[in-house]
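In order of appearance the chains are A, B, C, D, E and F, and numbering begins at 1 in each one.
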Amino acid sequence: MHLTIVNPNTTASMTRAIGEAARAVAAPGTVIEAVNPAHGPASIEGYYDEVHAIPGMLAEMRARPGADAFVIACFDDTGLEAARSLMAAPVIGIGEAAMHLATLVAGRFSVVTTLAVSVPALEHNVHKYGFSHRCGRVRSCEVPVLELEDPASGAYGLISAEIARARAEDRAEAIVLGCAGMADLAARLSAEHGIPVIDGVAAAVKLAESLHALGLKTSKACGYAPPRAKTYSGMFAAAAVATNG
Amino acid sequence: MHLTIVNPNTTASMTRAIGEAARAVAAPGTVIEAVNPAHGPASIEGYYDEVHAIPGMLAEMRARPGADAFVIACFDDTGLEAARSLMAAPVIGIGEAAMHLATLVAGRFSVVTTLAVSVPALEHNVHKYGFSHRCGRVRSCEVPVLELEDPASGAYGLISAEIARARAEDRAEAIVLGCAGMADLAARLSAEHGIPVIDGVAAAVKLAESLHALGLKTSKACGYAPPRAKTYSGMFAAAAVATNG
Amino acid sequence: MHLTIVNPNTTASMTRAIGEAARAVAAPGTVIEAVNPAHGPASIEGYYDEVHAIPGMLAEMRARPGADAFVIACFDDTGLEAARSLMAAPVIGIGEAAMHLATLVAGRFSVVTTLAVSVPALEHNVHKYGFSHRCGRVRSCEVPVLELEDPASGAYGLISAEIARARAEDRAEAIVLGCAGMADLAARLSAEHGIPVIDGVAAAVKLAESLHALGLKTSKACGYAPPRAKTYSGMFAAAAVATNG
Amino acid sequence: MHLTIVNPNTTASMTRAIGEAARAVAAPGTVIEAVNPAHGPASIEGYYDEVHAIPGMLAEMRARPGADAFVIACFDDTGLEAARSLMAAPVIGIGEAAMHLATLVAGRFSVVTTLAVSVPALEHNVHKYGFSHRCGRVRSCEVPVLELEDPASGAYGLISAEIARARAEDRAEAIVLGCAGMADLAARLSAEHGIPVIDGVAAAVKLAESLHALGLKTSKACGYAPPRAKTYSGMFAAAAVATNG
Amino acid sequence: MHLTIVNPNTTASMTRAIGEAARAVAAPGTVIEAVNPAHGPASIEGYYDEVHAIPGMLAEMRARPGADAFVIACFDDTGLEAARSLMAAPVIGIGEAAMHLATLVAGRFSVVTTLAVSVPALEHNVHKYGFSHRCGRVRSCEVPVLELEDPASGAYGLISAEIARARAEDRAEAIVLGCAGMADLAARLSAEHGIPVIDGVAAAVKLAESLHALGLKTSKACGYAPPRAKTYSGMFAAAAVATNG
Amino acid sequence: MHLTIVNPNTTASMTRAIGEAARAVAAPGTVIEAVNPAHGPASIEGYYDEVHAIPGMLAEMRARPGADAFVIACFDDTGLEAARSLMAAPVIGIGEAAMHLATLVAGRFSVVTTLAVSVPALEHNVHKYGFSHRCGRVRSCEVPVLELEDPASGAYGLISAEIARARAEDRAEAIVLGCAGMADLAARLSAEHGIPVIDGVAAAVKLAESLHALGLKTSKACGYAPPRAKTYSGMFAAAAVATNG
């Protein structure tokens, strides 16, 4: 299958790392293509960045009508519903993917994300997905997205300390890592703490493969019906053409 | 006060009607400015349209740093959180405005919107705002947004029939009209059915005036903190400049 | 418009302070009348006081059939549903008013009230209004209602300390003051803590003005239908006469 | 034990019937005293009646400091929290009693009450007690409280028809009768429909006996702490004297 | 009445203690029979033990078709739904019994159970019964079930310390003891802490007596319909015979 | 990987069919072993059957310490928590599997199961998993489990008719088939109705493969900790030996 992973931010080095993380868990027959939009923010930290990442992300999807499934590689599940409306192939967000799998291996999980500014958006997603009674707390390590890979940021230690607090204070039995940029840390953190530590990129790859293998596509019956044909103006004129063509 | 109402779609005639509906209920000292973005869809019907309306809507807000408050005149409350992050002045969505006021005059309300494709997004908002136990049902009259003003659409009769069903089947004690384009129908529908019928544009104008009069602005303490300075690429480069300038 | 604010307790000095707080935020055309019942407790602290305040409060409302709207100036929203049944004009409680507005300017709020004995009643209201997922905690500063205005009570400092805890422990982005007697402290507390601090009296005045401006009255369709004509005995005989006359 | 049942309305014939229903299920050692207040409405149908019944009901309780337990014999659980604050002995409402027992013998129950005006108050209680996911629907038979005993009202047939609908439409496995005046119909309705039909008066008597036998009294730790000593004015002056004495 | 209490574990000394605790609160006419299965675990600590206790427990019930009611004397309410399906007489679990009564005497309760391994199962029951908004926290004292009676375990002191924390941190107004083996400690703990401390065995006895006195039996309308006649193989062959006979 | 699927009932023909359905979707490297216990009911229809199926099912798992993952092939997710406690390898129930995937391809789903007696147990699972706001209704086609494969039962038509009702009345956008015995009908029903129809066996196979590929195992941190060493008596003596060995 052809699986397109869209990193919704414009940082190509992060896209490459996401692609590598995805390939590391992909099934033999899965071809991973990791892309990012040309338009939008260099990282997504909060609501404002999020909405500016979506049109570019959707353009990348529209340009790949042959993909068998899509993954949105931002933990906010940026633009997930719009992507499901647009495309025929199934779409998975890495945030939902990690949380769904967490509930299959633990009674209660906590999330560790980057910055406090993202916590309310993630808490909202937890509520929306129905996992409020299973989520101990959404925590932040206060390392910005683009500094995660910088050894000087001390990201590993800060995340690990937050996991220790999650175990003690939230009674978390598993941890969900709240940023695509943390993908490479999951195994080491899991080994250190002795509980499942779940990376959303890997989780989403497997769920996308699963939906594809089962022939399951997004229902077009109601909220995810294809966009209606209509005029799109200005910088989004291309959006209408591609959709309605 | 200066109240800027942004119709997130690009249909100027609808923007004018919204402005008139707003001025009809505005306090003497309120100057209403109704605008719409240059970029985006002609109407918002479903998730895909919604996300393409947001960047243009935010650009209109960024261009008006002197406004005392903003209203988002789409019942989906399109881009509400992003707008709250961006601006110092308070921001109100017409969907939330109508629902909040409905709970102040009735034990249970139902929503009547345009098309079924919008129902899940609105149900999600009901859940997010905490009103699931107060909302009977989100209903649709199956008249597209841009046909609401066309007498041939029979919109009034279809909405009225849906209200009758809401009273009988949902035990609704009040009705929330689920589209900015229905603003001019509220009074007549309320008179016909003998219960409150609430238009979100009018409701949002009064709530925006209320917040302004009380000096209440969006808290910048966590999720609505101003966007962090960062690179915005491509068609959104202007977004970063204006924000970080 | 004529807006009647009923302080449900019998302490006239508190009624005067409430009236002043209301006039400070009222629109130019709003005539504020602040009254209190002749019968009932000197302050409302817990369930027992609350129920004894209601008949007197309703008598004040019945005596003012010409009022355009009513505000109940006790944070428990004492007798709110009964008042909505009785009167044709809309009725707003200061507790609900403050909480509704808090959700429009913050993702999460905490309440600071007077005494621990009131906390469960307020928690119950939070649950009833649907804001459990938006409310961090209901806190008390342990200053009785009638000592709030006494400088020797140290009320300001105790409330401020509780707000600091709410920010640190509850991640509160806004604060709702849980007593009509705290109205004059909101601005100073907001300035000190840098987040919105919301007083219910002011909030309710603006919401009452809003409903009146929009012509919205309580739905009489079901739970708020007018009281049925029936015999009222003893000290409440007047209640029946006034209602059914 | 001495069990005082307070019918919060002033209709003595209904009080007598309630007393008889209670004695029919009371344990050998239980002395049932059924009383009603001198002040208040002849029946309770909606929020307005409810609040006027409470002070008189509490006066009856204050006058019986030696009672071992109290039952509030109105399905709204009128003034339940205030009574729990006031008295040392445990207090049970017939509404909560019936609903708690219903969840012990059925997966899902529906309520059949008198008039539609009472439905929202009862739905609110269902939500407050935590049984929303166990309650199919709150239904009304549209027979006023004081006509229940009048054969001409056709009450039995109307209630029975509503039970049939509850089984078919709500998938109800048990029925809770939503008025103290329906106590004598439970057995016949249960026999007719083949499922448990629960009367709140009987349920509350057994729960009150249970709490008394176990030595369980209302916790005075927080919300049900005794009323604080303070001035009560006017017609309620007696309330303060009795409480603080 | 004949009340059969089944201790689902196989420890006869614990069964005897449960029987004594039950007789201490039983009404004069209640004959208490305390039994335990021949097959299964010596104590129930976690999900695995729980499921192995159920078939033996049900066999004890099947063997007593003449019992008027059954109590399941394990705080997990082990096999409660299956028992309700099987038997005509009502069945009460000690966990649900204690929690229901707790909500009748307190606004908020916390649970103190034995081991952390049981906490998630009990949290799940709290959620299932609808009491999540009334339960502060499920706590464990880390004393295994079979050591509760051993003075060397220090059980009383550890439970008491946990109650102190529940009062300070959870604002608990009452405590539910989360193990049948703690029955004899309730009175002393309640006296020490000055709030209701509820033992499930005693609570269940009174609720079982209550249901029996009211003639209430489990509804057979849907989920608790009797098991369908079918082949049971191997060690459970007897289960089918007894059921279908 | 070695994936053991345990059909918890004792009907070997159904086990074979489940194994075939699993192999049809398994990845190339997945070896499917489908087994059923020697002890227990021939089919699982309601709570009583369910609990008798669990010990035998767990014995099958204990006997396969080398399996990489387990699937429980009954839509009730029979004994899921106990299995997670017992085994080191991950365990997936077909009910949860189908519901999780349904929320990834549709905004709202309904379940169609066999008999009404199973509906409450499934509704409870929906509540427990957090999907109440995403599930329209749990429906039954009234065909017993063991008659599903009998053409004379008319199962296909009855299920199809229930799906039509789910679309019309529940606004379901996807359907979850509520019995392992319906696995072979999913594709045809999906084609007929034009929306995703999800079989739990297939869904669980892919989720089990996903967890295994990611190295995710059940957290042993709290509720799923291994069973404590203790005496198991009678017919379950083997349970203790195998566990503690």
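Criterion: contacts are C-beta pairs under 8 Å (C-beta built on N, C-alpha and C of every residue); 3 or more make two chains touch, one makes a residue touch a chain.
Note that this is a predicted model, so its numbers are computed, not measured.
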item: Mutual neighbours - chains that touch chain A and chain E alike; value: C, F
item: Minimal step count in the chain contact network, chain A to chain D; value: 2
item: Between chain A and its twin chain C, rotation from the CA superposition, multiple of 5 degrees; value: 120
item: B-C or D-F - the one linked by more C-beta pairs in contact; value: B-C
item: Between chain B and chain A, distance of the C-alpha-averaged centres to the nearest whole Å; value: 28
item: Distance between chain centroids, defined by C-alpha means - chain B, chain D (Å); value: 43
item: Interface hub residues of chain D, defined as touching at least two other chains; value: 107-108, 119-120, 127, 132-133, 171, 222-224
item: Every chain pair in contact, whichever chains are involved; value: A-B, A-C, A-E, A-F, B-C, B-D, B-F, C-D, C-E, D-E, D-F, E-F
item: Chain B residues within the chain A interface of the complex; value: 10, 37-43, 45-52, 54-56, 58, 79, 81-82, 84-86, 116-121, 124, 127-128, 144, 222-225, 227-228, 230-236, 239-240, 243
item: Of chain B, residues touching chain C in the complex; value: 25, 27-28, 90, 92, 96, 100-101, 103-108, 129-134, 167, 171-174, 187, 194-196, 198, 202-203, 206-207, 209-211, 213-224
item: In the complex, chain B residues that touch chain F; value: 119-120, 127, 132
item: Contacting residues of chain D [partner chain F, same complex]; value: 107-108, 133, 171
